[in-house]
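Listed next: structures, encoded as structure tokens.
Both complexes shown next keep chain A, but they swap its partner, so chain B is in the first and chain C is in the second.
== the complex of A and B ==
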């Protein structure tokens, strides 16, 4: 590139832009290659071709010659695929993926050092080899024609039966498009077919969007948080003013303004929150490639189904979700789905199924990961737990099937017979669960032995603002995340029992370990009678929190405690209430963890109470 | 001052061309594909168009055909700037009404010179 024509900073800016653009394109391309290996899709092939073409053009402008040469050869090969002169079988997909992986590495080189550091000659040669020797005949691209028919059905212009007739007819008159035949048969007018065709072309057009620096969004979110707090104060002042009386008109005005600000703030909060939401597809996009590679490694044959990529989730959650998802998918491929021969012996389809589905449920996002593999061997899990001395026989016997299933989340447990490079080391499921719980989420597992396993992850939409139960211990206020609270119990005499100096609550024949907020967080230690127990539930674990009184539900904005205080166990942050007071937010998972240390007492009582019941 | 519409699906190329063209203080309008460009042309008066060939939704040749159908843009100079060296596509482009066919990468000063001369021609006639 001519240095005189462009200043250095301008050039750097352009290169930065190129890196962002091309890495994004490459990610999509790699994903699409895996997709077209499964089924040829003209739209996708065109998309890949265009992306590689674009990178080639831009790279040549910027003087990245190795990258240009590689992209050029890749484009040539894709050109054949596009024209239908080559089929994307595994071999072709392999070499294309190799080329694109290398392109990604080079883009990474450019990001870090400004020049390409990889040699592409061997891959280029491979691509060239494919170009000369292997012109395979591709299947006629039926895909698009089919789609027109399907769209016509969707538009309720023709029926399914009619389409089948048309397709049959097309077999004898191969040079005709479905649309033409439909018109000939007078099933639809020419106009209708044309409209549908136009729709088909525009369907792929993406929504309009701009790139925003995450920092800016975070700033906005912080400001909205402050505004929510301001709103809460205004509501408080309004109710105070009402209580103390005053001029009627002033009060009316205040009430007016309060409800106005409340409404606006709520809406603003929602839309800023939505701006931070990212489609979950970002996490899912890596999975097809991973499953493909793992299948190769373990000699398995798996069909991957991904649904609900458009489900949205807060940005920070998306990042934190990547690792657990990778773990889970690896587990399913490695230990879940059996090898084809074994599946056949069991009378299952040779091809295993791995399905990943995301959807919204209220203020939560649910992700289901399902595989039709060998399921969980409940007895093996129980044996392992016993062997490691984590629970006694009596305890294990008292567990429900679902509870027992969720034992796989206990640290240090792996039922895999063999250790492989990717899973079976006994770390994994517990890490998955802790990671998910860190995000205020929950994870459960369900399975039928020999048939299937389903892992469910439940996540909140956002981390920054949540509904909480405000409770009081002595004069101190605390917030408990509302999504974990299952019930409130008013304390009466006889409900509390003491086991090994630990208080527990007996509620409807179950024993719930208790944590007394007063003892844990307050300085005063004098006993006070009465109060409430807040029952909190995370997955299969239950803990009760003893408080003096319950104030009510509130929307709280979570503020981190800062560098010095961030590692306090049991506290996840703080928030500011309407009256300006700072209150602490309890971190229930870590509270439960704390209590697990006293598990022995718990299990002891369980045995005692079980015998007492009989 | 003259306005130039840059049509390319790569934001990097648009930025790059933008920087080059700003040296001669042209006003730059950007569009990411043919469809987008047609829409932009509806409310911006454009003196010259630089267009890529291979783009989603509406490609360069299709776009130029549409452009020439529009009374106001029948004579607007169009430079097609593309990586393609395919002779058939080049012919198609000229048939559609492209004034000049350049291959990427192009030297910035060369591009500026060509833009200037195409705009000058325009003035001589008008």
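== the complex of A and C ==
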């Protein structure tokens, strides 16, 4: 009885493993098929073949017969492609994609129900049809592995001339391997040949990686978080000891320990963070397939360029990024790039361009999504905003071009746009922006009407720890994410002016709107003079935040406020300082929104969306 | 009926009234700690505290139940409870004791008691000549209340 149960458990474990592995493989395969449809790539074809072969093998071992049959036929067809007996034109890619989509569905079936629920017979038939009709003759495949002799030359162990001598010798002593002769002739030691042989065997294998349960990593991250807090505390104690005195040696010791802990903590934090990093290619991998399908759907012709797939991001960000990316790409294909005929009329290349690029910039990852479509009709956007009563003519006129461009992110605006299709950008840009901002990131858009649109996403490398500026308003401390802060200004007479009853800061001849943290957050109203202005840069917008004093920069561990308080306006989370006190982290974009309450636009909108949600 | 199930209750005081909550819901009882105020939060939320590295919201039960404000003192306690996986704390004047009473001595709430609407009351327990008000914690921290507040904000 127990024995059987145990076996069942083990079996389930194998099946679970299979599901994880094969789902991953399938994602890669689908991506690669779209790639080889564009240009034949021997390595990719081999990769696909191997993946399908693996799935077939495991599936048949586990008794998933339908999946096995389907994978088998798919493998046959891929075999022909691999041998060069079949070209991967669109037809072939279509049927392969159909087959692999079905395989994915089956794996999903197995995950949820334990058996495959989909019928594969029609797809198997289709595949078989291709196998018969498309077969043509071609050369046999080339040897994949490099010869040992060539490898020894590459390793600079023997020379070309020496190898030729060895090969001649082999002709007479046919039962001996090249390696053996090399050793006999004392051209190389036995160890060198052995090492080369190992290299020959492993050549072409993928980089090594292990799969770690995210939960374990999360735990580790939490611990590191605690350690960072401990470090902060130690620093505090150290400075206290200095202030209040203590033996010279005590102080020395403390200083020593502090710097040691600080160093080790920083390193640990970095390496754990790195362990959590995943290449952004995981998000990008779905895009080629999507663009291909969308092009078919909307009759567009688009060249997709993807760069920087190796750029790494925190795992949690990768997951949260998928939806916005899909949204943006859909938008670009659907509303951005024009149909070929229209493009030709405009004197553009028939084939549109969609380019996605990811790269690092300091502690941030930037993703640019560029399309050379019709761009944003600024006037149409402004008209819409006015029509909806979100902003007055004067307000609109005061916006810079870039600021006006970013009006497309206002919720409720885009939906109407799609209906009337005045401009390019469709539904849900506000959702994209909100999602990005939730990740402590920023999203902004730039465009030239009729020419191009570029959407830029800026994300922090990790969510858990960030640098923040600690400021004081009255007696309360707040943390402002440092990535938003551009500069600090000490308030002096004459810097502040009043425009339209709103306080502004005049800095180097530019006027910066101000918001007072005390007025926004405090229940008290008495004015306190002096203080600082923290200049923040959010997307294309610059605002100043008035605070009473600035404490300094600190590394903060972001803690959520929890279910109960998650929707508090202007606060994105909290952190615990060295002394154990909780301080709040400001959500700058939402603070500004909150502050702008007198601008009817936003409050009106919120009322509308609130009633829509009820 | 009358199977004689015994309830264990933590009893505490607000003013002269005695209240009780099921001990199984109580995680711990702490002395008053440093509370960080949260701007824009509902008025009865006093703020958040750092509970061994975890940040949890704190409700002032006096404010929540419409009692008069009173300064915190030496006997002020924070009762930390877990409700459906949510950990939160509430401030009470003092914590009295842990009581065991049979479930069947608990009576359904009258419509109005001590100025508290009966929806927050799970029942009334009688122990000797004392009256214990059993609080319905879920209602006290529940969302309809929060929705009301959100709606008010949206309408302004």
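In this section, the second predicted complex is superposed on the first by the 446 of 614 C-alpha atoms of A that agree within 3 Å, B and C clash if a C-alpha of one lies under 4 Å from a C-alpha of the other, contacts with A are read in each partner's own complex, and residues count from 1 in each chain.
Just so we're on the same page, a residue touches a chain if its C-beta (ideal position, glycine included) is under 8 Å from a C-beta of that chain, and two chains touch if they have at least 3 such contacts.
Please read all numbers here as calculations on a predicted model, not as lab measurements.
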First (chain B), second (chain C), both or neither touched by A:115: neither
Partner chain(s) touched by A:341 [first = chain B, second = chain C, both, neither]: neither
First (chain B), second (chain C), both or neither touched by A:58: first
Which superposed partner A:128 touches (first chain B, second chain C, both, neither): neither
Which of chain B and chain C A:571 touches, first, second, both or neither: second
Partner chain in contact with A:488 - chain B first, chain C second, else both or neither: neither
First (chain B), second (chain C), both or neither touched by A:581: second
Contacts of A:214 with chain B and chain C, given as first, second, both or neither: neither
Residues of chain C that touch chain A when the two form their complex: 34, 36-41, 45, 47-50, 53-57, 86-88, 141, 150-151, 154-156
Interfacial residue positions of chain B with respect to chain A in the complex: 9-13, 15-16, 19-20, 23, 35, 52, 54-57, 82-83, 104-109
Sites on chain A touched by chain B in the complex: 1-2, 4-6, 10, 13-14, 17-18, 21-22, 47, 49-50, 53-54, 56-58, 60-63, 201-202, 204-205
In the complex, chain A residues that touch chain C: 225-226, 229, 476, 520-522, 559-565, 567-571, 574, 576, 580-584, 594, 603, 606-607, 610-611, 614
